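Each chain gets a letter, A, B, C, D, E and F, in the order it is written, and its residues are counted from 1.
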């Protein structure tokens, strides 16, 4: 259809599936994700969205089917540092402040050019909470602290598991903005969500989990 | 994208774990206090007979330090698994083994080092002769990182499970025993005025091996354990 | 009879020899029986799981994948 | 899987085939174990003369030594199977490794207790912290660690891989058990039975000992088969062949 | 306005506020909640919604102002067993199954007449997962297991902190149903949420947190 | 509404904690194994001299059991706080002190009882004379619940802090020492063939007091700790 479809996809799944105790968690999936695209993973509770994202991130091994990264079989070293995963567990240390948490992430992943912890935290709506231990933040503020990684770290593929949960309306709009500017600059994202995602940059591609 | 250099990633990792340890310094101090309590309770439990205490001092200090370390070992990855930051570490574009090596180093610095620092105090409380103390310290300096390294591999193996402390103890025991035997052998030899170099050399050799292999094994074990 | 008694006495070491043999057989017997019991349990669990699965299927009928 | 594995072995590695194969062989192995055990025990307890030093107490040897050998042998088998399981991810190797562990633990336990029972009259103590005794105890802990780790995981295959890892790390202990009597001088007997050279034990005692050794080997085979079969059922619960077995047994 | 306003309110707050380190977390609040009413607590992330609910539940002490329960100052024994609180932390033991978790709750709080663990779990959409350890459930399934308490336990006031988070659309509708039948049978509820709550039983009363 | 009776609420609480302990039996077994390991390491560290071991056996077993309990104490409320079930318990229409009493009982059953069961084995490993073992067991049966009860109060007090293990150990120490002194006194007296009733009676008296007061104190402490 568009030029993107003919280009090499960032991520391509062929009959991808995951088994737990020899039972498939979801029906085999086929999809392609190109640079600049946003895919919405939809499905009921327990349909396997989280499982799928963890698999794509390389945390769970692939039980059957194939997964290709830029045309070649997905391997850890090939996509290292290109994928950013945000799960139900936020990966924040409760005893450190948002700023310190970001600094650690930047130490391991590197930083986007021009980005800085302070400006990123201000943008994400945590001004004034930069040096509060994460333990003392409210649920939505914790979520924001985790989302700040998206702004700070360089990555071409974002895997976001329910990024909207616990956020207020401003926060939801913010995530949509982030997604839009990410796809605009050639990044791709897969997002799971139960709410309505009002993504401005056109209708996102949808991946339905059948269970 | 500017990928951070290996050295700066290592530094970030080390700083992270040390900062966390510092924020929870109550928890670091726990093994130390634990060791002190044990040393204090012994004279009460056995009666304050100097010769007896002196006779068992070296052994008690060794066992106590190693057990105090065992206490803290269990928690090495626990909180990182709970809050999802271990996943983030696994996904980071850095060699996992090296990062885990840094974690182990930080853990050793935070738990074993304070114990080694107070070991002379503990030894003095039990009237261990002063000349033996350097040997005791040497034995501890070699045996504690060995325990940290081997322990880390086993903790990593149990990381995917519901953090079963028993399992860890069960698996660590066979590894503890040789370390204790050699370390205690050195201390006992020194106390009797015999040469104590051989057991220390064995410990050192084991430590060198462990430093090279344990982080790799730890990374492999962690990848197996997280894949659930 | 006497020979049997003598045999059972084990030259005065009966208290050591026979418990050793008893333990040997007891442990191996337990080892033999364990997989049989487990087999029964495994199959029962499997049947329960199949039942549970059909309960889930009922809740959410399997739909065919939409065309990509 | 590597291409050098013969086809029949490859086929045998498929769970349903192995399930049938093991089911067919298991009764035979058990029968042989019982027969050889009966012969060995008759030879050892009735025919063999009392020892001139230890009198009749030595008769514990006919279970102590075969069990001791089995404990090490089974650990070695477990280690090799673990290696295969980790490198080639063969399910059957995982099963063999993990189901060997309880049998090995049983034999190790027997060795420890019979050794203790023998030690009391011979050395005057149930237990000392002697190198061989200790390393055998460590062997038991290793077996228990492998079993515990295996069961600690929710996912059996993942547990098998983790436990296999541990089994491989622990394999250094096997030579230590064996050579401990040479390396440190201890209370425990040195080697008295020598497969290749002259054994320091009379033939009347030797043949029952060797027969018992053989019997325990067959017992291991029989036990492993029935354990592996059960484990395969648990592992392959999602597969049709297992569902059929489950339904068949339910209808019975 | 209506008859309810003249009747004795279930819960009445007068200049209620909470201080952390001598700083107010939210501006003093005044509200009344009558039997049969639903109140929606609104506010941005970090505005103090969770803090308010925990205070009403009796987990945090009242720093200033007054809180009345059925016309009398709120005291622990007076409202014991009448309040059900569901927070960000679900209060489920991960090693127990949903059924076992419910049984414990019923053992402590008692059970509604005619309710049973199995039927409640089926209603909440966990059929087939009754005996799975909670650890193995997906995020939404965990939430459902916690919500099952609402159906099983007797209580006149529900305090629900973001009950909709992580739920799929069916789950959200289910919570709305639960709330409706609860208020219909004379219960009251306070709910925090960032999403749109489509409550059929009329417009809910709103409590805005000003921060 | 049919409010459950007090007895059935207690039963529910007890069953809950015992079920949880059983599900995590790996963790229950941990103190047991830990105690066994300590007992095994001592002969290595001190050399396998029977007379020496025998001399210290009673004291080592006591100290080891109490420390093994200390190990498990820390976790008494930790998981309940993390997953929010403690809040639910506090909000339940049941007397909190009684419910906490049940939790403490369950905790004692799950950690101390197995330790008491293996204490004879530990004593035997260190060649403690058989006649002393009943006294050792009696001392343990009285000292361990005392420790559980006092420990629970302190754990409740530290619950609101970031679970500071150090604080706990620090506060428990002064409470441990008398218990160890009396228990060890009884064992030592028995070993020397002297009357051992007096220290045991003291322990019993302390236990009775603790059974009455500790749950109340624990409930008060917990309410304070949660209010943050």
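What we mean here is this: a contact is a pair of C-beta atoms (placed from the backbone, for glycine too) under 8 Å apart; a residue touches a chain by one contact, two chains touch by 3 or more.
Protein names from UniProt, one per chain: A, E = Heme ABC exporter ATP-binding protein CcmA; B, F = Heme exporter protein B; C = Heme exporter protein D; D = Heme exporter protein C.
The structure displayed is predicted, hence computed values, not measured ones.
> Treat touching chains as neighbours: how many steps, at the fewest, connect chain A to chain D (Heme exporter protein C)?
The least step count works out to 1.
> Just the chain pair, please, that has the highest number of C-beta contacts.
B-F
> Farthest chain from chain E, going by mean C-alpha coordinates, please.
Checked the centroid distances; the maximum from chain E is D.
> Using mean CA coordinates as chain centres, what's the gap between chain D (Heme exporter protein C) and chain F (Heme exporter protein B) in Å?
So the centre of chain D (Heme exporter protein C) lies 39 Å away from the centre of chain F (Heme exporter protein B).
> Could you put a whole-Å number on the gap between the CA centroids of chain A and chain E?
Taking the mean C-alpha position of each chain, the two centres sit 31 Å apart.
> Averaging only over C-alpha atoms, locate the centres of chain B (Heme exporter protein B) and chain F (Heme exporter protein B) and give their separation in whole Å.
26
> Touching at least two other chains at once: which residues of chain E meet that condition?
Within chain E, residues 88, 95, 125, 129 contact more than one other chain.
> Please set out, as single numbers or ranges, the residues of chain B (Heme exporter protein B) touching at least two other chains.
24, 161-162, 164, 166-167, 170, 173, 177, 227-228
> Using the touch rule from the top of the page, what residues of chain C (Heme exporter protein D) touch 2 or more other chains?
If we look for residues of chain C (Heme exporter protein D) contacting two or more partner chains, we find 53.
> Which residues of chain A touch chain B (Heme exporter protein B) once you look at their complex with the stated criterion?
My answer: residues 57-61, 80-83, 85, 87-96, 100, 103-113, 133, 154.
> Considering only the defined contacts, which chain B (Heme exporter protein B) positions touch chain D (Heme exporter protein C) in the complex?
Interface residues on chain B (Heme exporter protein B), with respect to chain D (Heme exporter protein C): 153-154, 157-158, 160-162, 164, 166-167, 170-171, 173-174, 177, 217, 220-221, 224-225, 227-228.
> What residues on chain D (Heme exporter protein C) touch chain A, complex-wise?
155-156, 235-239
> Mind listing the chain E positions that touch chain A in their complex?
43-46, 50, 88, 125, 129, 137-141, 143-144, 162, 165-172, 194-195
> Would you mind writing out the residues of chain D (Heme exporter protein C) in touch with chain B (Heme exporter protein B) in their complex?
Touching chain B (Heme exporter protein B): residues 134, 138, 141-142, 144-145, 148-149, 152-155, 158-159, 161-162, 165-166, 169-170, 173 of chain D (Heme exporter protein C).
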